[in-house]
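These are the structures in question, set out in turn.
Here come two complexes built around subunit A, the first alongside subunit B, the second alongside subunit C.
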Partner chain A sequence: MKLKKNIATSEEGFIFNPSTGDSFSVNPIGTEILAFLKKDKPLDEIIEIMCEKYDVDRSIFEKDLDDFTSQLKEYTILD
Partner chain B sequence: MKKERYERPVILKMNTGLMNKFGKKTDFEAVTHIESVPVKSLLSDYGSPLFVISEKQIRRDVQNAIRIFKTRYPKVQFAWSYKTNYISAVCQIFHQEGSWAEVVSGFEYDKAIENGVPGNKIIFNGPDKSDDQLVLAARNNSLIHIDHYDELYSLIRLSEEHSLKPRVAIRINMDTGIYPKWDRFGFNFENGQAWNAITRIINSANLNLVGLHCHIGTFMLSPSAYAIAARNLCELAWSIKEKYNRNIQYIDLGGGFPSVNTLKGAYLPGSDTVPSIDQFADAITDVILGYGFKQDELPLLILETGRALIDDAGYLLGTVLATKRLSDGRRATILDFGLNSLFTSLWYEHKVSPAQAYGDYTEEMVLYGPLCMNIDIVRESIILPLLEKGNQVVVHKVGAYNMTQWMQFITLRPNVVLIDSENKTHVIRKAETREYIESMEQVPEHLKENPLK
Partner chain C sequence: MNKNSSKNKVIVIAVTALNAIDSPGPGVAVIRAIRECPDFKVRIIGLSYESLEPGLYMHDLVDKTYQIPYPSGGTDSLMNRLKFIHEKENLDLIIPNFDAELFNFIKLKDKLNEMGIRTFLPDMEPFEARDKIKLYDFGKKHGLLVPKDKIIHNVKELSKAIDEFEFPLVVKGKFYDAIIAKTEEEAENAFYKIQAKWGLPIIIQEFIKGTEINIAALGDGEGVTISAIPMRKLYITDKGKAWSGITLDDEKFIDLAKKFVKVTRWRGGCELEVMQTGDGKSYIMEVNPRFPAWIYLTAASGQNQPASLVKMAMGEKVEPFTEYEVGKIFVRYAWDLITDISEFLKISGNGEL
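Let's turn to the complex of A and B:
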């Protein structure tokens, strides 16, 4: 699962997709996940890191991550 | 190492060109306490969902309404509209504040009697009064508001048969310029039906015409409609005085004042559009005071205000069961209460607040109830902070009609808790149990055998 090369991201959570002209706002945890995806980090590792850092059950985070990535696909942000 | 607070990852597409001058601000306040009692402890002590009623708020609202009317008009009497919320503890708060009882069925009438309301302080409205109930009300010297000719003739017959002299009023419907015109209850003013009914009562030996009643609609947003209603009732009272030399003792303008809820489809929130009780009081009392009655012949002004006096005091607390994404990308949040408990979600865009701290992000979502029914929608579209399973929410201004119109459908009705003036909590209606529901059922002998056992 990989972020498209041309997607512009900022540390503050602003996303721009130059091929569609769409802009997005992402919350801080979403921004962290996008940064991992940009570095091609596998989802399993992302889950490990985030569950270590945040007060969340693994099952809940997996469900939320699945929902988040499906949104990214929907918005054609992922390859 | 302490872990950081988690918030679900979220991405929101930014839309331009959709500015709306009527848009509402999207910052929220977590409602963690009702009065001074934590929402968390209410839900853990009494279960979720849970209706909560603030006694302090009821008393504040009813005292405020009484003050508003009494500072404008010398003779005012409120009568608590039982159908709005007839949980006995709630009725007793209103009675302690001096309200009579306004009932619309034999069931409600019996409740008022059981609550200790003297018969002569019960107003008996509605189109459905049996002969037995009419006789009982007449014997108790209650105020019987006649709804139709069949009832009028029944009452004349019963009064003769039982040698009674009931105190009566007629309900009058009229065109006050509002839509829809409520003409299904009572006798029409414009076509002379009301005057004919008055004449019939006055000519009867047994009925004692003491009042005139109207109830022009519900959730009325126009004080001027009440001015028209008051003028029409004054005109009838004046005509009765002129023609029959009889003083009408009271004018009852019914209920219908709105609460500060937002009606579905409304452009602006209720807080911006709902007139204050002062405006209704001005409209009504200006007309009656200006009509020309002598000071000692001014009729008592009765008000059957329900919704505006109880909605504020009621809260529905609940819990998020699940969140999911719909096929069109919208977020859906499923709550443990729905249309079955929150009947007024059919009419209102209820204000819903999170009951715990949350991050800066919000999202648009649909709020669904727990019923396995497509119609079970609490809010079709609402912007709220990111909610998770187990989060708690507070729905505001739900005191009116929900605890009477709720449905025992698919699941059971929850506890209702009162927070008293000292912030102590009391269960005032217990949550239903399956045994309670089934206690009303009877299974014929031949159906008791279950071959699947």
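Let's turn to the complex of A and C:
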């Protein structure tokens, strides 16, 4: 799962899709996940790192991550 | 003439559409872009229709203004006025920017050229082919997606036309205005409303759901696109005009503009209004045969279309641009320009300022 090449993101959680002109903002957790996706980190690794860092139940995080990436796909931010 | 002397020559350019109001003409933006180009010096002559067009009073942009007759006055009265202005100002180039005046200027371009006044306008054939009323046939001929439409001349034809479309449909005037109708009754009301304002015929058009994208393009008249900048409106006024917009990065919009310029051999500026559907189709909704009011954004993002038009009109070879800044935003603003009654009297009484 990859972030589209031309997508611009900021450290503050702002996303700009230059192909469509759409812009979005995400919360700090979303910003962290986007940063991983930008570096092409596999989802398994992202789950590992985030669950450990935030002491969160793996199944809950997996479901939330799935929701988040589905939205990103819907808005053509992910390939 | 060596390079230095041509650079030092002052090009006298007449520009119309100085009505920088809430539904703005492009003239002031065109002048701003031209003045920012370091490659030539210019004297700008404003050509106005009304005494309160804001550009008239922007003396840092416009050196002198003359009123010209309304387009409905025809080519003879326009020519007489242009001769008078030319005697005083020795014009090198005229850039007309209003849809309604372009027909007259295109008709006069050979005569103007004989007088030593250049233009950089499309030929009459492509100018008329992209007209709203003929756009569907134009698209069909050249393999460009255009929403299906039906031209009607009286209200009796409306119900017959409605049978060919699904609701919602769009009822459009021949010059401006479009109303989305969800029922036959709404369509009939829209018909009368638009007829009262813009006359006949009326266009019944298929409704296309999607995101509106605008593309400012400049053609060299030989089929080559010198520049194409796609923009999405970020804020729209109640008149549907862009109050803010952003440059986009999508090759398909640039390719669409290139195709249009190629098949029409478009000379000069134009704006394609495109509807991008959810399934990735790009419909051309309208083609405006002149620069849009947001044209300064092309200069701000690295492709100064008005300045390139000036260069080509003056005989210079201009290479197509290849890059521009994506994510460049314009935000329009309103400003109370202060002038004096004496200026208003000059333009109202003498037709000059």
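Just so we're on the same page, the second predicted complex is superposed on the first by the 79 of 79 C-alpha atoms of A that agree within 3 Å, B and C clash if a C-alpha of one lies under 4 Å from a C-alpha of the other, contacts with A are read in each partner's own complex, and residues count from 1 in each chain.
Following the convention adopted for this analysis, contacts are C-beta pairs under 8 Å (C-beta built on N, C-alpha and C of every residue); 3 or more make two chains touch, one makes a residue touch a chain.
Computed from a predicted model, the values in this text were never measured in an experiment.
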item	value
Overlay on subunit A: subunit C relative to subunit B, clash or fit	fit
First (subunit B), second (subunit C), both or neither touched by A:30	first
Partner chain(s) touched by A:67 [first = subunit B, second = subunit C, both, neither]	first
Subunit B versus subunit C as contact partner of A:55, first or second or both or neither	first
Contacts of A:19 with subunit B and subunit C, given as first, second, both or neither	second
Superposition-derived angle with apex at the Cα centre of subunit A and sides reaching subunit B and subunit C, degrees in steps of 10	90
Partner chain(s) touched by A:11 [first = subunit B, second = subunit C, both, neither]	neither
Subunit C versus subunit B, contacts on subunit A by residue	B
Shortest CA-CA distance between subunit B and subunit C [superposed frame, angstrom]	6
Sites on subunit A touched by subunit C in the complex	6, 8, 16, 18-21
Residues on subunit C engaged by subunit A in the complex (per definition of touch)	211, 213, 232, 234, 246, 248-250, 276, 326-327
Interface residues, subunit A side, partner subunit B - complex	15, 22-30, 33, 52-56, 60-61, 64-65, 67-68, 70-72, 74-75, 77
Complex contact set, residues of subunit B against subunit A	3-14, 325, 329, 359-361, 386, 388-389
